[in-house]
Amino acid sequence: MRGDGRLANQLRPVTITRNYIKHAEGSALIEVGDTRVLCTASVEEKVPPFLRGAGHGWITAEYSMLPRATEQRTQREATRGKLGGRTMEIQRLIGRSLRAILDLKDLGERTLWIDCDVIQADGGTRTAAITGAFIAVVDAVSALRRRGALQKLPIRDFLAATSVGIVEEQMLLDLRYKEDSVASVDMNVVMTGSGKLVEVQGTGESAVFSRDQLNELLDLAQLGIQGLIDVQRATLGDLAAGIGQKPL
Amino acid sequence: MRGDGRLANQLRPVTITRNYIKHAEGSALIEVGDTRVLCTASVEEKVPPFLRGAGHGWITAEYSMLPRATEQRTQREATRGKLGGRTMEIQRLIGRSLRAILDLKDLGERTLWIDCDVIQADGGTRTAAITGAFIAVVDAVSALRRRGALQKLPIRDFLAATSVGIVEEQMLLDLRYKEDSVASVDMNVVMTGSGKLVEVQGTGESAVFSRDQLNELLDLAQLGIQGLIDVQRATLGDLAAGIGQKPL
Amino acid sequence: MRGDGRLANQLRPVTITRNYIKHAEGSALIEVGDTRVLCTASVEEKVPPFLRGAGHGWITAEYSMLPRATEQRTQREATRGKLGGRTMEIQRLIGRSLRAILDLKDLGERTLWIDCDVIQADGGTRTAAITGAFIAVVDAVSALRRRGALQKLPIRDFLAATSVGIVEEQMLLDLRYKEDSVASVDMNVVMTGSGKLVEVQGTGESAVFSRDQLNELLDLAQLGIQGLIDVQRATLGDLAAGIGQKPL
Amino acid sequence: MRGDGRLANQLRPVTITRNYIKHAEGSALIEVGDTRVLCTASVEEKVPPFLRGAGHGWITAEYSMLPRATEQRTQREATRGKLGGRTMEIQRLIGRSLRAILDLKDLGERTLWIDCDVIQADGGTRTAAITGAFIAVVDAVSALRRRGALQKLPIRDFLAATSVGIVEEQMLLDLRYKEDSVASVDMNVVMTGSGKLVEVQGTGESAVFSRDQLNELLDLAQLGIQGLIDVQRATLGDLAAGIGQKPL
Amino acid sequence: MRGDGRLANQLRPVTITRNYIKHAEGSALIEVGDTRVLCTASVEEKVPPFLRGAGHGWITAEYSMLPRATEQRTQREATRGKLGGRTMEIQRLIGRSLRAILDLKDLGERTLWIDCDVIQADGGTRTAAITGAFIAVVDAVSALRRRGALQKLPIRDFLAATSVGIVEEQMLLDLRYKEDSVASVDMNVVMTGSGKLVEVQGTGESAVFSRDQLNELLDLAQLGIQGLIDVQRATLGDLAAGIGQKPL
Amino acid sequence: MRGDGRLANQLRPVTITRNYIKHAEGSALIEVGDTRVLCTASVEEKVPPFLRGAGHGWITAEYSMLPRATEQRTQREATRGKLGGRTMEIQRLIGRSLRAILDLKDLGERTLWIDCDVIQADGGTRTAAITGAFIAVVDAVSALRRRGALQKLPIRDFLAATSVGIVEEQMLLDLRYKEDSVASVDMNVVMTGSGKLVEVQGTGESAVFSRDQLNELLDLAQLGIQGLIDVQRATLGDLAAGIGQKPL
């Protein structure tokens, strides 16, 4: 049993509140335990210069933490005047993950701007951001379809992410900050609704791991991601049916 | 009657949720109509180098908007690599206003970091930030008192702020974005519970105004601020009694 | 009597030297006591991208202090790589103030760049900058009219600014640095020739002030600004007649 | 057969030139096909402030490409004034990978600065950087041991890295740029001499992959990394014996 | 005869106004024709960290142009957020030149900050800056001597600078902007009162020059610099006697 | 005799390796003693905006040092976020020097990007950069001529550079770092094959020098540059004949 009473293979409670922000085309507040990330998807009716005339769309993601999302206040990157390496790594990961299930051709010459802002952090903010951003994207493209700009949802499959790790020799699903900070191996996994991998990032923190351990961690991640996709499906209701109509 | 059914001298509905963030010593989510600002107060047990040994504390404020707080997505200042003029002006205003009612000597050699993050913007974000930050500060210093670090609350008086303006010749209280963007005169007023002024910033937007109009706007602001302080008082409950025990 | 022998309601000696810089379309060196600010107005025959085709002009202001304008040398913002909050606040104030009396429609699709560089600082640099920039603007637009680019001066009224404050319970006009640094209330006022307010910025420095005090300070400011406008009128000579032909 | 005549599971020719730079404590020029990376390890006899007195050392890595390492000239990050996300991601990866096999306690209160500069790029620059940096680190710590500053090499195991990917349904080892740019799945793998994983980063490029494909790619990577470690072992000669004397 | 009526070997009119700025320890406004540079020397009673305890002083120079010093307004470097190459080159030149005649040992553990701000530019701003900064330095160290902090002036010799160039095959002294901008060869020369060279920077602008031409230009520069030093000597009056008491 | 056994007027051994980088249109690794600089010339088929339609080309140079090119590791400018003054000065010098012998009209509307990256530094990196960049430029424009884009080589003359200086009263050619760091006078000279000067930068390092010493140093530099041009000529082989066909 873990510090918060969970089993090793158990997710924290997950809630997703759709349309949290009135201005955004799509938005979702995702809460995974005490981790809270506000995800918005904004539609811009043009693409970056290097894609003009290419006949397909673009998606780009930004990630940030409020200064007091963390136990100790962290300095704003705007105040420091530049983005840190961790932030850049995470926003690249979010963008890449969403590109795997979004049909940019069907999107047309548009850009989706994804913003993931961590309101409160307790481990797993990047994976919560991906899971929540998926919902915001679905709502943003649904709005486009509703007003006739798209024929069908350009979403090939569900997409969610979670973290797994090895803490004191034990394999754990969905690490809280306390667990994450002492994990010897830490892995972020992004998967689709059909169980395909989009991204695997496994890291030994001054430690190493075997192929067997890798596989065991992936089993655990897959279990958790299926649970997250169940929540997504319930959250989206009728909209869920429009996802993945076009096979991957 | 205004677009949202309010009278000229009526505030929008105001709610303040205390302790919104578990990590922060004090935090409040303030909602003024559709404007939502998350305010946190963080205690650091030291002062900036230029104040070391001076025997009193310091307070500093930062302000930011999430990119999709606004109708059109705005670029992150962290991405642009620098703070804009508007942001700097606002964070200086917030810090200065709080310094007027905070007894820095009683605070001791500590820094209060105030973070005001606009989650959703619909006019009046800077004044909502001041009104909400006041609550976060009270909670942060109360926590210090509870753990014996302070003898009494170093808060001299209540503090709240609102905007007033002239729109199509009419004097209005608590402008929404739609009103603010067409106002010919725009004024932010910060006041204490005893009706003293802390800050008056009146601006003709390509327009000018008379001394009489200034006075009428100030009357309106005073009315609104009294309403806001009533909300603060109700929100704080028992804590309210500890404010202003030391005369200003 | 004040440190420099002035009465509470007396301005420092003011001189304005027109055409101080040979390259600029308009320029003025304004001296208010020991405060010296060099103001230039540069005409650019285009507007920023967001105004193209809008049929009217633009005005933008920049403000800076030479490193040794101050008692202690201050680091250059160019060396630090970014503008400070105080600088941004001041340049926004200067631009906004001038926009109130400049008819941007009559200016045509042109930009006026205002540069205010403090050569020597002894309090009141921002208000001196506004008062001097007004002269530079008049000269720049007069040059446009002389070469037939404008039919009449697009200047609706005179414009000047001063600071007032409360020092040791006394209301003072036109604060020197020594007075300003100990003032409990500090107010910058921008007014037109016809006595209309353009900007009022009153600030309690860790202090508060009453409505009555605000009014008394405004009376004092109005007196001072009338004196400054007298100097402007004398400086401009014949040109003064062309100002405000079009009612505000 | 691949464009350059290799089999799917074949590495490009690899050469490592030790002591390429006379000033550095350790340095290696690694060439993997046409990819050439200059790796240096610099010893600094202190640790960053946050580690002072902690009794162990630190290692930090920087990565850069010369502007004309690439087919099209790329702008210098020094000229743009900031590091890109890709660069930050890579330098974090290199540092993390080396930390997994370096015994920071045995290193003592010292910092190893790793610099990996890509002289010519043809795919796999980050994995070549890790493989080459390992040699530079061994030489730098050997120099410390030779002058008596260390008792034994604080290196727990060999370390090398390669990339694998899926190109037109085929699994390939050690991708050239031409292959990498069209791969649907791209994976970087960092492994130790004893076959343990240090880092696995698998990414679907607008594509997804199955658990079976992941495993097949890992088999291929393991094969390649063994080949690279054979080259490292031959390059180091006698020094190789001192590695991993302390079990991981 | 040149455009402004001068002979080829004639300087423009030169005036130097000492103590132009009341706050600075030394200051001079130098006017060379229409070029006007404000030079200040500020004394700081400490040296940069890398010189602490070395028993001698330091001198460092900064150079800047006001935006409207030039015919076309130039953007502020503070606004662009970084110093340009030309600025850096010039401030390094000014600092280096002054170090050649300043006895840093005699100065003691102090820093002299030199600020050269171009108020109006018409060619030769960097050489005017050196010539004027020399006066500001003499005044700053004289102030130190007067208050007993120094025994004698730590100035080994006079120092002045001018530009020479080849315009349409003709050798010219002290180029105005109009001449400088069409010169095929452009040379800045810094010399001491005893005729020794401190710096020679000769540049062919898309052109080349012979050894003979170099020598002829140096003759011309020497003539001009002697004239400038005569002006310096007259400006300094009695102080001139204290310079170079210690042989170079 | 000098530390490395050279006579005062002797160059260090010089080798130039052409086509060191496969991607670049022209590239050369130049080694002058232990100084190694990698120079590339990249052709871009357009000119900067300010030259569009002007009917001639442009050349621009960048210079950088790898962090461990130096005895002590130097921080990357990309990490610091800005170019230092020394770097800017050097890249301006390289660009200007090459412009003197390149016929920009004959080049057509193209830009040559010159990159000089110091792999290992032991004095004279800027002059080695110029000497090596010349070869890279010749190769780049030769490639343009071979594919018919140019009729003849737009190179008016050979170009090389060296440093000379006064060390302990002795005039030395081609200073190593050890010599350079103790030189009282330091001069960089850029010359053409026909013995014309392109750039002379002589600097007293807290010292001064006479006209006679200047001339002696120039004699020494001329001798060295002739030696360097002999190496260039030998390196270029047949291509050498195409240089300077058009008289300067």
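Every chain is named by a letter (A, B, C, D, E and F) in the order it is written, and numbering of its residues begins at 1.
Assume a residue touches a chain if its C-beta (ideal position, glycine included) is under 8 Å from a C-beta of that chain, and two chains touch if they have at least 3 such contacts.
On a predicted model such as this, the values are computed, not experimentally measured, just so you know.
**Student:** Which one, E-F, D-F or B-C, has the same contacts as C-E for more than half of its contact pairs?
**Tutor:** D-F
**Student:** With centres defined as the mean C-alpha position, give me the chain A-chain B separation in Å.
**Tutor:** Centre-to-centre distance between chain A and chain B: 34 Å.
**Student:** With chain centres taken as the means of their Cα atoms, state the distance from chain A to chain D in Å.
**Tutor:** Averaging C-alpha atoms per chain gives centres 29 Å apart.
**Student:** Rounded to the nearest whole Å, what is the centre-to-centre distance of chain A and chain C, using the mean of the C-alpha atoms as each centre?
**Tutor:** The computed centroid separation for chain A versus chain C comes out at 51 Å.
**Student:** Which chain A residues touch at least two other chains?
**Tutor:** Correct list: 81-83.
**Student:** Chain sequence round the ring, chain D first and chain F second?
**Tutor:** Counting round from chain D, the next being chain F, yields D, F, E, C, B, A.
**Student:** Under the stated contact criterion, what part of chain A meets chain D in this complex?
**Tutor:** My answer: residues 82-86, 88-89, 91-92, 96, 99-101, 104, 157, 192, 195-211, 214-215, 218, 248.
**Student:** Going by the contact rule set out above, which residues of chain A touch chain B in the complex?
**Tutor:** Residue list for chain A touching chain B: 21-24, 27, 34, 38, 40, 42, 44, 62, 64, 66-71, 73, 76-79, 81-83, 87, 113, 115, 117, 119-120.
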